[in-house]
Amino acid sequence: MLNVGVIGASGYTGVELMRILWGHPEMRVELTTANQYVGEPVSRLYPSLAGFYQGAYETFDLGVIIERCDIVFSCLPHGESLKVVPELVDSGMKVVDLSADFRLKDAGEYQSWYGVVHTATELLEKAAYGLPEINREAVAAAGMTANPGCFPTGALIGMFPAAAAGLVDGTVIVDSKSGVSGAGRKLTLATHFPQTADSIEPYGVMGHRHLPEIRSQFRRLVGDAGADILFIPHLVPMNRGILSTIYIPLTEGHDYAKIRGIYEQAYEGEPFIHLLPSGSYPVTKAVQGSNNCHVGIAMPGCGKTLVVITAIDNLVKGASGEAVQNMNLMCGLPEEMGLAGPALFP
Amino acid sequence: MLNVGVIGASGYTGVELMRILWGHPEMRVELTTANQYVGEPVSRLYPSLAGFYQGAYETFDLGVIIERCDIVFSCLPHGESLKVVPELVDSGMKVVDLSADFRLKDAGEYQSWYGVVHTATELLEKAAYGLPEINREAVAAAGMTANPGCFPTGALIGMFPAAAAGLVDGTVIVDSKSGVSGAGRKLTLATHFPQTADSIEPYGVMGHRHLPEIRSQFRRLVGDAGADILFIPHLVPMNRGILSTIYIPLTEGHDYAKIRGIYEQAYEGEPFIHLLPSGSYPVTKAVQGSNNCHVGIAMPGCGKTLVVITAIDNLVKGASGEAVQNMNLMCGLPEEMGLAGPALFP
Amino acid sequence: MLNVGVIGASGYTGVELMRILWGHPEMRVELTTANQYVGEPVSRLYPSLAGFYQGAYETFDLGVIIERCDIVFSCLPHGESLKVVPELVDSGMKVVDLSADFRLKDAGEYQSWYGVVHTATELLEKAAYGLPEINREAVAAAGMTANPGCFPTGALIGMFPAAAAGLVDGTVIVDSKSGVSGAGRKLTLATHFPQTADSIEPYGVMGHRHLPEIRSQFRRLVGDAGADILFIPHLVPMNRGILSTIYIPLTEGHDYAKIRGIYEQAYEGEPFIHLLPSGSYPVTKAVQGSNNCHVGIAMPGCGKTLVVITAIDNLVKGASGEAVQNMNLMCGLPEEMGLAGPALFP
Amino acid sequence: MLNVGVIGASGYTGVELMRILWGHPEMRVELTTANQYVGEPVSRLYPSLAGFYQGAYETFDLGVIIERCDIVFSCLPHGESLKVVPELVDSGMKVVDLSADFRLKDAGEYQSWYGVVHTATELLEKAAYGLPEINREAVAAAGMTANPGCFPTGALIGMFPAAAAGLVDGTVIVDSKSGVSGAGRKLTLATHFPQTADSIEPYGVMGHRHLPEIRSQFRRLVGDAGADILFIPHLVPMNRGILSTIYIPLTEGHDYAKIRGIYEQAYEGEPFIHLLPSGSYPVTKAVQGSNNCHVGIAMPGCGKTLVVITAIDNLVKGASGEAVQNMNLMCGLPEEMGLAGPALFP
């Protein structure tokens, strides 16, 4: 049994990690930190954990963590993770970082999107990008993994088979629709119920922070020339879920049967990806609370555009579930351990 | 004061018409028909009208309608409207038809999308397409108007300035997000609360009936060559509202300032269209319950794609409000009569 | 045309007042204040007003208000209103105060519930309690009206016929269910979308501030002896609406027919109250966006308890609509002016 | 490993059973029947099960069930279960029936509320009422269990400590608020999204079918004299969850500390009931997707009324989870097997 530290554990990815780890046969939460809530029982903030976790939030203390924990999940905000993750990694612990601090390999690009100077560039080079479906071997070999953003997870799973097969010709449009939990527990007007309920709105239209992340991984697959990404997220009045509708302009000479074959082969054996039958398309509710990703593909109209639609739960496959999936790989455990199972429907 | 007949008045466009007409200074509902609910007080089906409308649903009877009504709104389903609208028009009444029966000029295309042989092709030729923003004169001169579909209204308002200015180069992608009232009052699994709440799903991926309508009006503006439309609607867990995110591939040599100028000029004087300031984008809630359409434009990324985002209330500007707007024009009344005013927010 | 000042106009009751007053034939908004947003166009905070109101928020300045306005609505928070309303009233303007500052006649009780020393007790004595249905004459004669709380409006409308007729025997239980807009625009964890959506929770269980208000008005009707109120509000994942389920223990010897007669008589002629037919019960959506109050009554079980259920829109009949209703009365205008009309359904 | 048959498995309690049983170490679903969907893969109706259950719905065939299954859950509607459950029980299989057919011991009362003549009165006498918290021994000894209704589960868990301790004096009011999944998968206007979203409404005001069930179990605890129940359910725009606010008139001479002690003792050792700390009250979201029941108690006002608030997930503790809990007991397995764990929050 591995003793787990969850640092920065007062947000939604923290409570989701604790829910998942409660059912993990080889990991148990030993310690949770949240400087804002030191001494407060976790189950006071999150009554869903009442009866399941007795502990209280503690101060972040490197020595204590090293002493009591075998592995660490960092749920700190960006700019904070890079201050503490290097030391944790140096101490020999496996770390999965759920922040954005180690997702972009280019420190300058990181600084321009996040407004923070990257002070841990050495670790940045070593960090594995934690999307097992495109990077499994690197994750399994890594001491530290940068857990992907929620939008990039859904977008990249939808795009990589087409990208890897050289089908993409031009600008890919990713029109994503996210539940509000993706914005976290921090209070903002955009997440205030009366503003957001019974309504839909776009945001980050001129450039969302997940765009460079999607683009950099996408370019690893297709090369730099020509290919580009246009990404517009929308806020949907629901708690969990991201639906990404991806419009991929195709190079010439492909029909649906061929492309379906490419997608089937690419996802074969993937434990969490489920390609829906032709004519069926994903619904976020069908993955709610699970680590599953549903994918549907179509070629409407004259066949020049491939439409790929993916659905994930942003807090599970888009955050905490994926983090456990990565940690399983890093620890040599079965990738699905503690994560398999159907969604909560309805 | 014009006496209004609303036929097929038991659905949501019917009750919305009655709400709007209650406040219209020159029109009053004289008669409502709904064969399924004959004798039932309208306010029993719709308690929101309790105290505002005493009448009961009546059987459809052409002679009675001609005798008691000056003008008619038809809310019958497609396939039903084309059976009765011609006679109403022949009797000399102005008619706005909210069904799809007179939206597509090509009877063959109508048949292939709606599965109904068009038996009123003569009237089809005369019917005006009731989107005043692109067809005002024809509507004002018409005896009968085909009220647009809800998706086409939002999509065409967003596209027409670019289309008319020759900016479009290639396939326009219209990614629309609709509230559930757009699916009407008919019970379906897709509109059953537990299936639809707290979730989002695409539908009509391989071809929605509003696609040929959008395409045919779009081609009137840009010609037949090259330009195409890819349209995917999504069902959002909200009551009212359509947000359309429109991706327009641009011909070369346009910058944002120029395109903004084109949009400003195109919408100038339009009573119901409001172009939001640069950097602001529409939210469906800000048009809820109103006939207003909000538009935001952006050129993210490298500037090869224009993003236009429009928001309407599908039951008002996307249906019953637009119908009254058309009828005002047809009757020589001020276009805004009974329709002006801010949305219900929040 | 009366020039209206709306002070403290950046919250939801402010924008709702502006929406209502836009359609009022005898009032126009001349001035809005909000110290936090001075200089900001109102339509920037509330795009629903784009095209309908050009003004920006101004600083509160007594002299300016007196100069430019004929009447004032105060939407300031409690504790702030009592500082400025007396001077406005002294200047001769009619004022409707939407805060809690003048609702409780007992300054000590006010202090104990709101934690603020009442510094305007002279005006407190003169203020009319602005629930026209039980206090019409006083409102019409008043220079200043304390607009009721949202819960008291729905609760008192449901109770007063029974109370006035001497039917109440024991503790009345008011179990209320409110939409989230009732909590205002201020950001709190309880109104953060992910906490509140798809869930229901009680609050103020041990004593909500609207309890003493309900109780004091109730006792004006039934006297002090014996009668008491138990009031528990709940937060429902919807924007607008309060449904109050009121359980009234009955004195002996009454049957349903008799009690229904009492309610019919009590509400007769009331412009905004609609008693639903026997067997029908209110739904908040059927009053959404309107100043209407729907009431249903029942005597289930052995007939010892009268169940009265009322539905209002908390921002209209529970706040800004009622404020305009009061102001109409105070200004000698028809009570329904600018307020009549059906709800937005669905 | 026990082979499980789920009959009438196409509704929400069916899919929820399959979700729960997927993770049960000693039970596996061998067979699902649904006469309406014979031959259709279960995962086609419920994509949440894609990859987790390969089977298709089968016709109901007693011989086949007896041959292939060790135990059976019946999710048939009332009136159908009583036709087939007796034979299943006679064949020696343990059966949990989720319908209402065996909940009321009085066949006449059953007939008057459900409109069906009870044709299996012999089994009715033997059936255990499956609320383990008040009937554990009987369930463990039973060959067949009547799984409680969703409202009775939440109501009775809240009431029984007070009832058993003799605290109740007069009519208990149960004001319940339910998510829409409680109404099942059958399409009705009341569960049509546009009617129900963003709104709240009462139903069953004059008498809901769960009332006699609550009352009969309540009277087993308190006796017949004097005590009564008034029960009004409300439909809340959320998927899952029932919050019951229970108003219990108290006999004299009890203070909060004493009553809290009674509740603590009553729930001690209960695996799924969690009494929240004083001053905290349940929220349905904190039990979503779990078999947990949260309880909060308070004595507001003058202390003559005890307020007990309970929250459950209607599909888990209110239906399928409780069914598995009962089956565990009947099969001599640990009561919590396959059911323990925290809720999905947010």
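Couple of notes before you dig in:
The chains carry the letters A, B, C and D, assigned in the order they are written, with residues numbered from 1 in each.
Definition applied: a contact is a pair of C-beta atoms (placed from the backbone, for glycine too) under 8 Å apart; a residue touches a chain by one contact, two chains touch by 3 or more.
For clarity, every value in this text was computed on a predicted model and none was experimentally measured.
Counted as hops between touching chains, the shortest connection from subunit A to subunit C is 1. Distance from the centre of subunit D peaks at B, each centre being the average of the chain's Cα atoms.
Averaging Cα coordinates per chain places subunit C and subunit D 39 Å apart.
Centre-to-centre, using mean CA coordinates, subunit A is 36 Å away from subunit D. The residues of subunit A that reach two or more other chains are 12, 181, 194, 197-198, 237-240, 282-283, 285, 288, 346, listed in rising order.
Residues 12, 15, 18-19, 22-23, 46-53, 181, 197-198, 239-240, 274, 276, 280, 282-283, 285-290, 292, 294, 341-346 of subunit B touch subunit C in their complex. Interface residues of subunit D facing subunit B in the complex, by the touch rule stated above, are 12, 179-181, 185, 187-189, 191-194, 196-198, 237-239.
On the side of subunit C, the complex with subunit D involves touching residues 171, 173, 175, 177, 179, 194-195, 197-203, 205-207, 228, 230, 232, 234, 236-241, 243, 245, 247, 279, 281-285, 288, 296, 298, 300-302, 304-305, 307, 309, 346.
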